[in-house]
Amino acid sequence: MLTIILILLPLALSLITLTLKSEKAVRQYVLSGSVIEFGVAVAAFIQYKTSCHCNLLFTADWLSTLGVSLKFGMDGISLLMVMLTTFLVPVIILSSFSHSYSKPAVFYSLILLMEMALVGVFTAFDGLMFYIFWELTLIPAYFICAVWGGNDRIRITFKFFIYTFVGSLFMLVALICLYFKTPLPHSFDYHWLYSAVLTPAEQAWIFAAFFLAFAIKIPIFPFHTWQPDTYTTSPAPGSMLLAGIMLKMGIYGMIRWMVPVCHNAMQLYAPFIITLAVIGIVYASVIAIRQSDMKRLVAYSSIAHVGLIAAGVFVLNPYAMQGAVIQMVSHGINIVGLFIAIDMIEKRTGSRVISELGGIATKAPRLAVVFMIMMLGSIALPLTNGFIGEFLLLLGIFEYSKVFAAIAGLTIIFSAVYMLWMYQRTMLGKTNGITEEMTDITWTETVAFIPLVIMIFWIGLSPRLFLDVALPDVMTVLDYVRL
Amino acid sequence: MFTQYIFHFLSIMALFSAVMVLASKKPIHSVLFLTLAFFAIAGHYVLLNAQFLAVVHVIVYAGAIMVLFLFTVMLLNLNKDERSPKPMWVNFIAFVAGGMLMLTLIGIFRGYDIKAAHDPMISQIGLVKNLGKILYHDYLIPFELSSVLFLTAMVGAVLLGKKEQI
Amino acid sequence: MMDYIVFLIPVFPLLGFLILGLGYRSIPKKLTSIVGPGTILLSFILTLIVFFNFHQFTNSPTHHLFPWISVGPLNIPFAFLIDPLSILMLLVVTGVGFVIHVYSVGYMKEDPGFNRFFAYMNLFVFSMLLLVMGANYPIMFIGWEGVGLCSYLLIGFWFKNQEYNNAAKKAFIMNRIGDLGFLLGMFLIFTTFGSMSFDQVFAQAKSMPVGSPVVVAITLLLFVGAVGKSAQIPLYTWLPDAMAGPTPVSALIHAATMVTAGVYMIARSNILYVLAPATMTVIGITGLATAIFAASIAIFQNDIKKILAYSTISQLGYMFVGLGAGAFTGAMFHLTTHAFFKALLFLGAGSVIHAMGGEQDIRNMGGLRSKLPKTYWTFLVGTIAIAGIPPLSGFFSKDEILLHLYEHSVVMWAIAVMGALMTAFYMFRLLYLAFFKNFRGTDEQLHHLHESPSVMTTPLMILALLAAVGGLINIPELFAGGSWLSSFLAPVFADGAAISLPPVPVSHSTEWMLIAVTLAGCIAMIYFAFHRFVKQDNGLQPDGTQRSGVVRLLSGKYFIDELYDLLISKPLLWLSRFLHEIVELRFIDRLVNGAGNIVVWTGNTLRYIQTGNVGFYMFIMILGIILILFFNILI
Amino acid sequence: MNTLSSIPIHYYLIFCSLLFSIGVIGVLIKRNALVILMSIELMINSINLLLAAFSAYNNDPSGQIFVFFIMVVAAAEVAIGLAIVVLIYRTTHSIDINVLNKLKW
């Protein structure tokens, strides 16, 4: 029951938001609404912990002749993703209050719609539902970027839309193909889809279609070119939603669909895919070193990080899979934190260009500290959340192949290089004309960071809560591989 | 044997007229040759013991349609040569294409071994009585609808033919 | 109870960090100067309690705190290990750390970032304690990276200066290169032994054959980590730059504790290393090369802190040589005495810099002996100690390493002795130039000259005392000593010692002879330095002077920084640019956009088929019909 | 066995193919819209005849009914077609179809 509330609540909130007029009312309403949503998610979490997760299952007939049903539920992995989504959305909303967006009702309504679609993706236990929500996320994302974005937004969002849409169409094809391979009566129920009997060739094709969809969404090198532009152009909340949550859909999809359905093909093609991912890690990291725009730098760093996660999924062992799950959460938190910090710098100085900034730490020590913490999480310093994920991922990859692990491990060096470079050039040094008048973040703005900082250290210090929730289902997923 | 001669005669006449429709320089000659071709085809209908069709054919084609053509030619005073014939290579390609189509069609039909299930000479289905029964029994609604079609066509033709710009 | 004491040791510095870090704006300096050193003092006291009751604590050496990461068979508890080795390190870290904290109260008094400084310092001690106390490799790695972070923060403490920030960044990144090696080594340990806990790994390692490739790989990877952290060739260039930080930082982090982490880690994993003779050779050669290399650079440096930095690298090299020769106790002994005398030297240098108003070039010093008597005398003690003159601490520790080296290989011994001679030379050069003869600085500086306050000189004296008598903890048999440290650490190295073949012990007469040779050389060097820099006064060349090739090479630090810049930084930046501008924008993005453009282009092109010529349409149509029919025939 | 049965149905097929092809060639080579319409009529007639022939040979009246309906449609088509031709002539003073190439690109 909680599951369906989690989906419907943001939708209802979103629709009601449209009726509100004043910006203040919209803000209060949206923020409290998203916090309530998070509360529901926490309730689901507690319920999940204390009882079996069948309580969270919701089933209703929809197109019963086609075997499509409204089936939503949560296992450990979805639960973590839902927690991440519902946790980040209030933070994102709160952080966006420092800006005054035109047509606030529509803007926040779209954010809530996005939340609803994302929760839908993570809780769908039916292939067609998964696809529908998957595509549904594109609509608010498109409008947020295309209406409130920066320079050249139309071209860039158009590319983003078409690119990811093409990918998801392949996924639809794969799902339908899979549907016809299910035992009679055909059904989109994920258990039925898992039980589809596939020849190796069919598996390879379905693998390819799924991979294309997810690789574009994640994005894995070389399908990433939409990403830096889109992250750079989007308004800050849009970038956060895209980078913090939306790209997790791709990895989640890999775990949810590819591993159980086409693991043979995955194992067969894993060397190529991991090679791609590892190339992407190094490639994006190297490119990030010389970026001049902070958002773009973070965008490239994100490609490197998610490349590691993708490689981790493909090695198909519990460490890496666990690492991927926990790193999805960590990466979402860290990158949202970084984007918030960048947004606050941009709001105060009007610039995101690294070479134009400097000396912010003297003017805004609080901002410098939180930025440092986000950065440390992002470069995977031990006792921050990033370390747990990267440690497990690299360990898993190491078990698979030592060479890949060594190359992928370069990310810990490169991430230090570009992150410290950015930190040094923007935060440290002397102030200049642009940063001279800079003020520190206000306490209300700091509030947006506090949950993130708490999560960074919580996961870093004691990841057990999160690891234990996901572990049984990670094992279940991996059991499909062993069978 | 006699019917065979008639068949060949009618066929040759129809084909010759058809060729002449194309070969004539003046549209009026084309129309006249077309009329000849229609009569030859009407003969074929008779040969097939489809009297009803033969009659309708003569009325509709040789009567109504030909008159329409003639009127158009004459009213518009189109009875002159084409101002600039198409270049040779276009004609050539057209002939090749048409010839290929013909060869393909003949090639297809040659491949089929179609057995005549019934002798057309003794077939009674082409008689007005039989066809009328079927037409007013099985095909009543299409038949009635065809009158609507005519009405539509008439309205359309009138509208199109009006002087004023629509 | 015992568990609590153990846990509290790192908790105090962490608390200090949290208090000072969260309230860095509001806490008055007075309070900070109590909280900052106070937390370390508490840890030190607890360490002493542990030390004096160490039998109780080492009965069950591993103290579990809470489970940290657990995934299937991977189980990493947050646990501490208390054994003689970690107690020794704890004593050094908290003891020297406390002294340096006290010193910093005086040294940093005027700095606006006073609170921030102590917050970082406390965080550093916390990380270092984790590193030392960790009962498994990942916990050690937490500390390992944590100290790297603190080093970064403290080197770039004066963050308005981008040069300093560059130095900080360099230190962090070079450390990270090592960390990657450490991390991979850890993974290999896990895949080999199925655990990362010291006790389990070492217990299993005991039964491994000597020289198995996997152990060699593990030890080499771990050694990469040690190379990064302990500034050995080729990853040493960050340490001289790290002198950008405040001097107490150099003393604590870049002399006494953090840089010795590599030595500690190898000593900790001694069983693995004993099993990998190939790695031991690599370590020995690296250490020896570093020792000589850094010492030779130090001879021609003029910055007081840079000299000490190269000296540190060189001394670390000695420790690694010791490790390579299997003298784990010797290395740890040298680590301890080095912590004393190098911290002393750095703090003394800090006192000098403080007095000179920030001047660091020894060419502008001179004659400070009379102006800064306390600093001079303590500095002298440190110099003698590092030069290896008996009976100060440096003599004993260095001698122990040299002796082991001699047992190992005479050639290596000879090279190491050469390094020791160079050490004596450059240290006395420093001493003479800074403290003897006449003052060469500006009048303003002369006017400013003053002895440091007692809050700074007292730590100097404490450390001088330690540097003087620190050698007593391990007086060898030769001098009728009890080798207390050896027996104290013996349990840790017992397993390793049992595996490795005991070298043929040299006779006492040989030992005497070795000592005599070394000592004679050192004294000759000291005299040579005296002759050259005090008598003749020709050691002072301004920056622009033409010098012979060798000297230019040495004073240019072998141009390694420039080489790295040319070989790594520049190509990396170039590659970054290439990948972004050519591969990314011109190739991949064009490919993607090309896919879109092909659609547009196709549409644009096929549009022209729509000629408007009806005849053409009909022709196409008929062609289509023909094709359909034709395929009909075929099928 | 009647005499007429000596005309095999193939004769009709070939004859109609020829007639149809002539119509097609006419459509292709002529520029005069009127003649093109005539060619279309020829094609329709060839189809009609074939339908009638099959109908007769198979003794199935539906074929002939269809011919009837086709004639209906053809008559309507010619009426409209000629109206259009007249209209074109009025606007362009030509019934050359090559003039009618405004609907392109």
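As written, the chains take the letters A, B, C and D, and residue 1 is the first residue of each chain.
Here, a residue touches a chain if its C-beta (ideal position, glycine included) is under 8 Å from a C-beta of that chain, and two chains touch if they have at least 3 such contacts.
What you see is a predicted model; the values in this text were computed from it and never measured.
Q: If you average the C-alpha positions per chain, which one ends up nearest the average over all of them?
A: A
Q: For subunit A and subunit D, what's the span in angstrom between their mean Cα positions?
A: Between these chains, centre-to-centre, one finds 65 Å.
Q: Let me have the rounded angstrom distance from the C-alpha centre of subunit B over to the C-alpha centre of subunit D, please.
A: 5
Q: With chain centres taken as the means of their Cα atoms, state the distance from subunit C to subunit D in Å.
A: That pair's centroid distance is 96 Å.
Q: Quick check: how many Å separate the C-alpha centres of subunit A and subunit B?
A: Computed from C-alpha means, the inter-chain centre distance equals 70 Å.
Q: Specify, in ascending order, the residues of subunit C that touch 2 or more different other chains.
A: 615, 619, 622
Q: At which residue positions does subunit D touch at least two other chains?
A: 24, 28, 31
Q: Could you list each pair of chains that touch, in label order?
A: Those chain pairs which touch are A-C, B-C, B-D, C-D.
Q: So in the complex, which bits of subunit B are touching subunit C?
A: Listed in rising order, the residues of subunit B that touch subunit C are 86, 90, 93-94, 97-98, 100-101, 104-105, 107-108, 111.
Q: What residues of subunit D sit close enough to touch subunit C in their complex?
A: So the residues of subunit D touching subunit C come out as 24, 27-28, 31, 97-98, 100-105.
Q: Residue numbers of subunit A touching subunit C in their complex, please.
A: 159, 162-163, 222, 224-226, 283, 286-291, 318-319, 322, 359, 361-362, 365, 376, 381-383, 387-388, 391-392, 394-395, 398-399, 402, 405-406, 409-410, 412-413, 416-417, 420-421, 424, 427-430, 461-464, 467, 471, 475
Q: Write out the stretch or stretches of subunit C touching subunit D in their complex.
A: 607-608, 610-615, 618-619, 622
Q: Using the touch definition from the top, list the residues of subunit C that touch subunit B in their complex.
A: By the definition above, subunit C touches subunit B via 615, 619, 622-623, 625-626, 629-630, 632-633.
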